[in-house]
Amino acid sequence: MHKNHGPVYYGDYLMLDKFLSSQEPLSKKFADSHNGECHDEMLFIIVHQAYELWFKQIIHELNAIVDIFQKNFIEEAELSSIYNKLERVKKIQSLLLTQLEILETMTPMDFLEFRNLLIPASGFQSVQFREIEIKMGLNTNDRLDVDREFFLGRLNQSDREKLTKIENGPSLLKLIQKWLERTPYTEKSDFNFWNEYKNSINQMISEDEATIKSNSAHLSEKEIAIQLELSKLTRSTFDCLFDENKHNELIASKQRKLSQKAILNALFIMLYRDEPLLNLPQKIITSLIDIDENFTTWRYRHALMAHRMLGTKIGTGGSSGHLYLKRAADNNRVFVDLFNLSTFLIPKSRLPKLPDSIKKELNFHV
Amino acid sequence: MHKNHGPVYYGDYLMLDKFLSSQEPLSKKFADSHNGECHDEMLFIIVHQAYELWFKQIIHELNAIVDIFQKNFIEEAELSSIYNKLERVKKIQSLLLTQLEILETMTPMDFLEFRNLLIPASGFQSVQFREIEIKMGLNTNDRLDVDREFFLGRLNQSDREKLTKIENGPSLLKLIQKWLERTPYTEKSDFNFWNEYKNSINQMISEDEATIKSNSAHLSEKEIAIQLELSKLTRSTFDCLFDENKHNELIASKQRKLSQKAILNALFIMLYRDEPLLNLPQKIITSLIDIDENFTTWRYRHALMAHRMLGTKIGTGGSSGHLYLKRAADNNRVFVDLFNLSTFLIPKSRLPKLPDSIKKELNFHV
Amino acid sequence: MHKNHGPVYYGDYLMLDKFLSSQEPLSKKFADSHNGECHDEMLFIIVHQAYELWFKQIIHELNAIVDIFQKNFIEEAELSSIYNKLERVKKIQSLLLTQLEILETMTPMDFLEFRNLLIPASGFQSVQFREIEIKMGLNTNDRLDVDREFFLGRLNQSDREKLTKIENGPSLLKLIQKWLERTPYTEKSDFNFWNEYKNSINQMISEDEATIKSNSAHLSEKEIAIQLELSKLTRSTFDCLFDENKHNELIASKQRKLSQKAILNALFIMLYRDEPLLNLPQKIITSLIDIDENFTTWRYRHALMAHRMLGTKIGTGGSSGHLYLKRAADNNRVFVDLFNLSTFLIPKSRLPKLPDSIKKELNFHV
Amino acid sequence: MHKNHGPVYYGDYLMLDKFLSSQEPLSKKFADSHNGECHDEMLFIIVHQAYELWFKQIIHELNAIVDIFQKNFIEEAELSSIYNKLERVKKIQSLLLTQLEILETMTPMDFLEFRNLLIPASGFQSVQFREIEIKMGLNTNDRLDVDREFFLGRLNQSDREKLTKIENGPSLLKLIQKWLERTPYTEKSDFNFWNEYKNSINQMISEDEATIKSNSAHLSEKEIAIQLELSKLTRSTFDCLFDENKHNELIASKQRKLSQKAILNALFIMLYRDEPLLNLPQKIITSLIDIDENFTTWRYRHALMAHRMLGTKIGTGGSSGHLYLKRAADNNRVFVDLFNLSTFLIPKSRLPKLPDSIKKELNFHV
């Protein structure tokens, strides 16, 4: 027992009096004018509350991560702490998917019994979910038009102000960009890493083309032509990566989100992830990809659920339903640039050898 | 929008003001005298609240099931409703397991940072979990001694009274027993089902023994002796099932929970589950087995988690920790008798043929 | 031990000699010319084999289901068997999703080590997966153009022939349609169900419109106009359902797959699912929706995995990768018409009362 | 396409001809003398094959881990590789649990249809699972008597020899012990870590006792006495850890598996996990705990499944069934000593401060 307070009681600690009295089905409240209480409305409330509860935990983790990333120098132990928090978010996300399965034990017909009571409330009004999206790096302006309208229009004044304020704060995307841009190893005076990398790529592609041309035993002429065409495409994709102007055009047209410098450094981390100092950065990048993938999957599954629950009906909040949700699944991805890094990976055997001075910096004292 | 009230707002409907202000870490409240707020206490609170939230939903389902089972006659549509509710409980249980994995993202060392603040609170004080156990059919008197002491001693007066009251109400176990005892098909004047069943068993065992004896090509003498011994054992297990006195002795010594009549009728349902009218009853029995299995697995996993979190330390509530929890996992099973039904199943080809009059009753009009 | 054969040995029964010698990494076979064996190629092989193993089981279940559905009359016990098999397929599908997570423990860089060895092999060449799609009801002609080309072009002669043969056989979609069309309850001489249903809908929509118009306290004029517009839309959606010509046009333009009669009968089943005889049919329809949803989710998750593994590179089989896969996720859905049924559900309180003669037919003898 | 071989075909690469022809139900082979083929035997075979397939992958990972651990010096990149492989094993284990759920879609009655055909085959004859247990560190002599008998008696000569050979090779437990014993940081001439640690503990316990004694406002005399007794117990548990003779006695009586030195160093790693060089070692220890926990859960769930499938019948292999399996779940744990580490953790604020010389060694050059 702690010296500052008396004995703690489980129910008091968890504030269960308050917490467990926050479920009030409207079909119960209006049981008389309605057709009596609907058994499944309790499930509907509890599933949504469980989402909000876990959203609160995700925000708690994101806030702690953002706090660390705002420092100018991040110690190794802090990177480790960031990684553990991201992994926790992933575990929570897998729960969010399972919760959809529980909601689906309510049939569309059961939902219909109390659906009219909820109009025009809508999951689009979940301020915490919007907060997560914004903290991750999804700007209101990045949204589809229809999404932006929902985003602004369906919330009350106070919620709208809350979100605007958050939007003016730092996002994970922007902080990650700064952190990546700071990674210094690719710009040493005695080592022009990217030149060597480009040579590796050119050599690799040339060898591939030679193999294709010499393979008339297994390939038809047409197939050889196609494969050579693909090879040319690969070459131009690599070229783009190193042209800063071209990259900034892609940012302007919203095809890229991260600066060229950040992407190149992230690529360096992925390529040399075996160096001890790059181990945690590589793990963090991978976790961000996982988290983006999980939210995307969740949005897509949510769209399918809306489809089965409502058919082609309009949602309680007036949204066009599952079609809208499906488009949003893909449009609201934040870390696509990290997914695309794989485009530029090359086999380990082709990697430029790091100079000893850099290798030493990337390693332990021992 | 409903005619009885104004437009509904998501956050109001879910009472989020109240709900999301029910998380107050003690390490934050006592941050000065403590070593500052512990990041992971929020997770600790939210995981436990998520459990309580889902416990509330499970109780909501159990109450609805109990209400139906208290009727003297249960319509087919109501059996279907019971089955769907049991299946929902199963889905929720699978979530409870995943939540343990989330709690385990907190390391034992992180827990240590705020553990002392919680003494002597304990998960044993979860009134809702105790309510679930009692509603399922776990009587205080069925518990291990040490468990009973916790059960009574650690709760405050008002919680203790609440649980005593629930204990005096109907339990699923008792209601299921009554429902099974009512199933009438095995006692028709023109058909002594159990005699035929016993004949089938005897014939089957005799054939098995003949096969064993004639199999000296593949089996040693010792192996033949062992197999014949096992066969004898099987015979005596079957004999026991039909001796009511013997069965009541097993109930008295707490080796059985259901009456002989209930068990025999449950066996009939399992054997003839293909008959339309027995389809849902068989599904319900299987769901009860699943639910019992899931709670048991959860208790066992919970014990392993306590072990890794505390080692051989005493729990915050003063319990002997993981060893106690492990024993409880097995001792607190409610529907063991339904698990044991499999002992008495026989292959379909050996089943006594039902007379037409009974088959007709078990079928649709069409 | 069985009388027809000697003692069975675990390894022989499972043919493990053969089974466990079917994993031969190419990077091991060509270790000299390659850069040595790649540790992760074993994982790559085993994950894909695990998929094929479970595909075999799914086909085993689909074949059994198709066999039953080909009968002219399906007994209740057989419907129950179909339902259990569909539920098993669902369980297997949840495993298929988890297997993607295991494959993702291989990083894109690890994959790169042996990726070139596999060209031009591709998952598109999984004959069993194509067989599942065809058996479910996905016709080659329903596919996207690019998909059809893959479908035909990448397989060898013998596999192509195998699939063409399967395509000429019965599909679940077609058999379900016939089964639904046979459901007779909606066409009794003394009860015109659909007229009553239409009356209910019209009354319901009219009441809604009245509520909207009278709600100037909570709604702006513009909002009232929008809500009335939506109401009109609802009305026209319902009207379409009953116009057979219109429906056949939708089939011709591939917006519907099931006949109007089948859809109407499925709707009847969903609306009166509480009647005992409709219980299993309703469960089967719901399982089909679940299975379609699961395959769709799996395809989408697969597309995201391809994106993170390859970036914007071309797949080993030459496909345009994740963009193609994402489009396919939605285009290859089979039971969309069953998802859309929810559009036409009405609250239980609005349901036309069934005449006693029909209620009796839908119930048990007892 | 690779220069050393022609185009690769999916089915050839995965050896599907061989792989997918390894499923031969005995009920099909003996369909005439039996009552025809049993639909569910295919599931039974495929589930077991899926287990064997994943066991092969787990062994593949364990072998690679053992290879690295056998080196005298393990580089940071190799530790990272070990960690990734352990995490992969964990993912596979979560699949193994789901596969039990799939097997449970076969009812006990369905199993009964072909069960006799399998006698006396048994899962105890899975050589690969035994190999995993031995490689993890479970020695035949550590097993329960009854288990040892099964272990030796039920396997054929060649399988027995295979396992004996593996048992003579290195196990993860022994290699981990050596690796932990090598960790040098706790024995520097200028820093006696363990003395400082003991002081911290003594001070902490004394403070706790003072708090208890002064707390007569909240605690009864009896409760104060109990809490002081518990405090004494804590003190003696800590004392034991530092007495090598006492520890060796615990090893002799099989209550400990790891040497005192290995346990102390593991404790140091857990206490100072935030130091960069200890980050991966701490993660590896945690993964080993997870893996042990997962196998234990799997064994327990397997026991529950056996119970529901067979009741109190004897298993096909002649084992006493679920009771035996349940005891084995707990007895076959390998890394219990790592679970118990939590007993000896102390709050971060109580940790002895590491001298700069050691802190520097545990950090990066930068």
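Chains here go by letter, A, B, C and D, matching the order in which they are written, and residues are numbered from 1 within each.
One rule holds for everything that comes next: a contact is a pair of C-beta atoms (placed from the backbone, for glycine too) under 8 Å apart; a residue touches a chain by one contact, two chains touch by 3 or more.
Just so we're clear, the structure is a prediction, and the values are computed from it rather than from any experiment.
Engineer: Compared with subunit B, which chain's mean CA position is the farthest off?
Structural biologist: It is A.
Engineer: Taking the mean of the CA coordinates per chain, how far is subunit C from subunit D in Å?
Structural biologist: So the centroids are 39 Å from each other.
Engineer: Taking each chain's centre as its mean C-alpha position, how far apart are subunit A and subunit C in Å?
Structural biologist: Spacing between the chain centres: roughly 28 Å.
Engineer: Which integer distance in Å separates the CA centroid of subunit B from that of subunit C?
Structural biologist: Taking the mean C-alpha position of each chain, the two centres sit 33 Å apart.
Engineer: Mind pulling the subunit D residues that touch 2 or more other chains?
Structural biologist: Only 1, 3, 7 qualify.
Engineer: Could you tell me which shape the graph of touching chains takes: line, ring, star, complete or other?
Structural biologist: If you draw each chain as a dot and join those that touch, every dot ends up joined to every other.
Engineer: Which part of subunit B faces subunit C closely enough to touch in the complex?
Structural biologist: Contact set of subunit B toward subunit C: 1, 3, 6-7, 76-77, 80, 211-212, 215, 217-219, 274-277, 279-280, 360-361, 363-366.
Engineer: Mind pulling up the subunit A residues that touch subunit C in the complex?
Structural biologist: Going through subunit A, the ones touching subunit C are 35, 104, 107-109, 112-113, 226, 230, 233-234, 237, 270-271, 273, 286, 289-290, 293, 296-297, 300-301, 304-305, 307-314, 318, 326, 330, 339-349.
Engineer: Under the stated contact criterion, what part of subunit A meets subunit B in this complex?
Structural biologist: Touching subunit B from subunit A are residues 1-5, 7-11, 13-16, 18-24, 26, 30, 33-34, 39, 42-43, 45-46, 48-50, 52-54, 56-57, 60, 64, 84, 87-88, 91-92, 94-95, 98-99, 101-102, 105, 116-128, 156, 159.
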